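Below is a structure I'd like to ask you about.
Chain IDs A, B, C and D follow the sequence of writing; residue 1 opens each chain.
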C-alpha cells in the first residue's frame, strides 16, 4: 500500500467524510420535511465507494443503485449540484428532473443512480463493450446490492461480461438487507463471491469497513480489467446505518445493531486510527478536513434551499434530443 | 390522317420508369374536334402531371378512360375517328383493342432503353442515351435536377431529328456520384468533356437548362472544338439576376411542407407540383452527400450579394457555334428579361404561361424551337 | 496427552470466508463455494452418524453456510443420516470476522468437545489453534494456502474422527503435537503462526493476503516442506524442515538484484515469484528472535494481521507446544490393521464382528 | 442507382452502409452472426432469417452474437449508446420485449429526461413483429403501441423496402433510442431502393395514395392491404387517401388531420389488438382535433382482443383483411 501517498490518504478521508456528512445531513433535512420523494442513504458504506472509485478516472464509468449518493460523490459529482438535485431544484445536477434515485453526471463517468433494482449491470456491459471496441483501458463498474444480486439482469450481465471478456467489475455491496429482508435468507448463496465461479470469473470477498482492504482489492480487479483480464466480482461486506429508505424504522434489525456498528465497524474511525497510529497523518489533518466538509455541506444545503425549482416549461424538455 | 381511319389515343409513356398514369380529367369533350398541339387530357404520373397533347388534328369520338383513374401505359384512353366512321365501327374497334391489350410487364426485363452508368474521372455518371444517329445532342439539367427533367423532350427530339440524344445526371445530382470537386462551372464542363470522351463522342450539341445552360456556355468557351451548338433554356450565365431565396429555400428544405412552395416557384402552373414530384425531390435530397453537394454548388453559383457569379453574355459573340435561347415568360427563378440583352445572332423564344421548367410545361414548343433553330439546318 | 477422548461430541468450525481473498484476482487461486462447504460438513455428519456420534456443535455464520447446511439436512433426510446428528449452532454474535472463529474455539475448549473439525486453510487453523488448547483438530483443507492441513476427503476425515472418538483403536500415533511460532509485540503475546510468520514492508493490513513478494522481508518458519504451497515453499525449496524436526527456519529476503542467491518459489497457488535470499538460518525452539525490520506488517500463515512501527519491539519464538491434530491416514490404517472394518460371516449366522460397529459402514 | 431489392435486403444494406460509414455503429443480437464458438462456419445464420448475413465478413467483430439473455445484451446496447457508440441490437421477435423491457422503457427511454438532458442514448432496437406465419401467440404480436406509449422512445414501422432502408439509416443516426419494427411478412417484399445511403425522416407520414373521399391511416403491413383496397375502390369512384405514418412516435398528426379535414371520413387499420392501440389513438386524434370535419363515424379495423392464434383458419380471421377494410370503408363512404 506504499502507493497511497499522504495526499491520497487525505483525499480518501475527505471523500468518505463528505459522503458521511452529506448523508447524515440529508437524513436530518428529510426528517424536517425539506426534501421530497424517496431517499436511500449510504452512510456506513463509504469505504466501498471510496476505495473503489479512487482507482478510476473520468473515462471509467460506474452504474449505481437506489443508494447512489456515495457513488456519485466518490466519482466526483459536484456536491452542491447533488444536494440541489435532491431538493428538486433547477440548479441540481439533473435540473431537478431526476432526484435522489437518478443523479447522473456522464462527464464524470457516473451513469446514474438507478431506481430499478438490477437495472445497472446490463448497462455496464455496454460501457465495457465500448472501452473494449475502442481499445481504451477504461473500465466499467457496476455497483449493486445484495437485493439486485439475485436479479436475472445481474446474472445475465455477469455471463455476458465473461462471454465477451469485458473490462467490467461487478461490485456487490452486501449490507445484509434487501429492503427489510435479510440477505442470509434471500440470497441462496449469501457468500456472493461464490457465484462468480459459475460465470467463470474470479470472485473475492472484502471487508467493506476497511478502506485499505477495499482499495487494494479493487485495485487488483481494476488493473486486471484494464489489462484485458476480463470481468471480476468483488463482494464488499458492509453495513448501512440508516434504513432502506428514510422513514424506515428498521424494526427488522437487532435493537442495538446499528449502534454497535457505529462504534466498532465505522470505516471513518477505523481509517483515522490506522493512519494516525502509523504516523502518516495527524489528527489535526483530519480534523481540518472534517471542518471543511461540514462547511461544504452547510453551503450545499443553503444553496439548495435558496435555489429555484425548475420552471414549469422544463416539464416538456429533455424528453428527446429532437422530436 | 386519311378518312375512315380509327386512331387510338393511349396512355403515353413519359420516361423509362413510367408504368401507368392517372387520368386526371379530360380537357376536351366527347365528339369535339381538336387541332394538333391541343391539350386533350391531364395525366399524372409518379413523377409529374402534364397534358396529353394532340399529335394531329381530329375528332374525339369516344372517351374510354374515366377521370381520376389509373391506367397502364398503352391503355386505351379514347378513340379518334372521323365522323364518317360509324359508332358500331368505333365500338368494335374498342372491343378489339381491349381484348388484345396486354399491359407492359411490370418486371424490369426488356424495358427497352435503360439508363446506364459510366465512370468518368472517378465519378459514376448516370446517363440515358436514345437514338443512334451520328449527330449527338447532350441534355444538361439544372441545379437540383436530373435527367428526368427531359421527360417530355427526350423521345421527341430523337424521333424528330434522328439524332442520338443523351441526357445525363450531373455529379451531385440524380443518381450520379455525389462528389462535386470544386463545384464550379469548370468542374461540370470538364466532367462533361470527359464524359463525351469516354463515350467516344467528339462533338455534340448541348442543350442546357438553368445552371445546365451556364455549364454548356462554359463548356463551349473551354472546349470550342467539341461543341456543335448551344440550346439554352432559362439559362444561367446570361444576366446577373437570380432568385437567391429560391436557391436557399430549396437547399435548406427538409420536409414536404418546406419544399413545396419552392418547387411551385418553378412552374407557372403550380398544380403541376404534385405529391409525387415533391416526394421524388425529397428522396433525392435525402441521399447522403446531396446536401453537401448542393451547398457547394450554390456557393459557386452565386456571389456574395446573391447574384449570379458568372456571366457569358458579353462573350456570346466570340462563340463560333449556333446558339438559341428559350425562356418561360413566368420564370420566377431567372427572369425572362435576360433575353432582352441577347445579341441578334442568337435566336430566342419566350413562351407565355410557362415558368422556369419551361421544357416541361411547354414541351412541344420548346422541342420544336430547338429543332427549328438549332438542330436542323 | 490422552489419546482416548473424554467426550464424543464434535465441534465444527467451517470458515465461510476462506479461499475468497484477493488472490482470486491476482493468481487464479481456487475457491470453494459455500454450497460445497455445506456438502463437506454434511458428509462428515453422515460419517459421524454412522459411528453413533449424535452431537455436533458448529460455529454460526451469516454468509449462507449454516443456512445452506440446514437446507441440505432438511431436504435430504431421506437420502442420508446426517440429520440424525444433533447439530447445534453456537449462540454467539456473528461478526463475520476472525473473531467468530476465536470465540468458537474458546467455547469448544470450555465445553470440552472431543475434537474440532476445521474447514479452512492455514489462516483458519491458526485462528482455531489460538484458544483450542489440546483438543485435536481434524483438518479439511478449504483454504488458499494449505501447508498446514493435509488434504483429505471429508468422508475419510469423518471416518478417522469416528474411530478416534469411539476409541476403536488405541494408539498414540493417531494424534500429533505441532510446533508453533509465537509472536510478541512489546512483550504482549499477540498471536501465533502454525507454518509461517512473514514480515512485509506493507503499511497496511489491507486486503490481508500476502501476494506482493517484493514487499516480503523476513520469514520465520515452523516447518517447511519442499512440496508445499505458500510462503513456506521458500524455505522448503531452500532448506527443508519437517513438521517433526525440533527446529525452524529464518529467511531474510530483499530485491533479487541485491542478493547473493535467488530462487523461484510457488508462493501462492498459480503464483511463482523470484525471491532474493539474503540469508537463512535455523531457529531453535524456545529462543527469542528479534525481527530485523523497523516497520511493516506481520503476516501470520499468509495473512497480514499486525501493523508495527519503529517504536514497537517484535519478538518471535518457535515453540513445541502447538495444537494437536488427528492424523487421518495413520488412524484409518491402524484401524484397518486391527481388522475393525471386517465382518466375518459364518454359516447359519448373520455375522460376527471382531469390533462391534455401532452401525454398518454403509454410509447413508 | 435505384434498383429493386427486398425489404430484407434493404435492411441488410442499411446496416452495412452505416457500419461502413461510422465505426461506432455495432450490431448485436442472438445469432446475428451465427456460429460463434461452434465448430462450423461463422456467419452460419446471419440472424434467424438471414437478415444480417454477410455483415460479419465485412465488419468482423463489430457484429456480435449474444447469449440468449435479452436483458443483458439489450442493456449492454443501451449502456454502450450512452458512451457514444451507436449499437443496433436485434431483439429477434418483439414478443420477447417482456424479458428486457426494463432496459428499454426505464433505462434507455428515461436517461435523457432523468439526467436533465445530459444523456444521449442513440440505440436502435430492431425486432420483427406481426402475424401471418402461424407463429402463434408468442411470436406474432404487433406491440408497437406499447412502445409508442413511452415518452423517450421513437417507434418506426417501415412498410416498404425504400422506407426500411431510409428509416433504419435515420434510426441509426438518430440520437434518441429507436424501436425499429419489421413486419415478418414484408421481408420478401420488393421495391425500388437507391444504392446510396439516404434517410427518411421520422414524423413524416407517407401519403401512399391521394383521395378526397375517405382517409385510411394504416400501419406497417396494413399499408399494403389498405392500398390494395383503395385501388380497387377507386375503380368504383371511391377515392381513398392512404396514409402511412411510418413512425408512430413521433406521429405526423398534421398530415393525418389535414387529410381528415379534406375527406371528413376516417378508417384506421391496425394489425394489433384494439384496446389502447394505434387505432384508438388515431381515432382519438380525429375526434379531439378534427371533430367538426367528420362526416361519418370513425371506423377502426383491428385484430380482435385475443392472443394471436396458431391455426391458419383462426390466424386468417385474426389479421385485418382487405375484405374487412373494404367493408369499413363502404360503411362510411
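Note that a residue touches a chain if its C-beta (ideal position, glycine included) is under 8 Å from a C-beta of that chain, and two chains touch if they have at least 3 such contacts.
Everything numeric here is computed off the predicted structure, so don't read it as measured data.
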Tell me which chains count as touching both subunit B and subunit D. none
Compute the centre of every chain as the mean of its C-alpha atoms, then state which one is farthest from the centre of subunit A. B
From the Cα centroids, identify the chain that ends up most central relative to all protein Cα atoms. D
Could you find the two chains linked by the most C-beta contact pairs? A-D
Quick check: how many Å separate the C-alpha centres of subunit B and subunit C? 96
Just give me the whole-number Å value for how far the CA centre of subunit A lies from that of subunit B. 69
So the centre of each chain is just the mean of its C-alpha atoms; given that, what is the distance between subunit A and subunit D in Å? 39
Rounded to the nearest whole Å, what is the centre-to-centre distance of subunit C and subunit D, using the mean of the C-alpha atoms as each centre? 65
Mind pulling the subunit C residues that touch 2 or more other chains? none
Which of line, ring, star, complete or other matches the graph of chains that touch? line
Which of the chains touch, listed as pairs? A-C, A-D, B-D
In their shared complex, subunit B is touched by residues of subunit D numbered 1-2, 4, 21, 162, 166, 194, 196-201, 204, 206-207, 210, 231, 234-235, 237, 239
Under the touch definition given earlier, write down the residues of subunit B that touch subunit D in their complex. 68-70, 108, 115, 117, 126, 175, 178, 254-256, 275, 279, 283, 286-289
If you look only at subunit C, which of its residues touch subunit A in the complex? 16-17, 20-22, 24-26, 28, 31, 33-35, 62-65, 67-68, 96-97, 201-208, 215, 307, 309
Contacts from subunit A onto subunit C in the complex sit at residues 1-2, 4, 176, 184-185, 187-191, 193-194, 196-197, 202-207, 210, 212-213, 215-217, 220-221, 224, 232, 235, 237, 274, 277-280
For the subunit D and subunit A complex, residues of the former touching the latter: 26, 61-62, 64, 66-67, 69, 71-85, 87, 102-103, 106-107, 110-120, 151-152, 154, 174-176, 203, 250
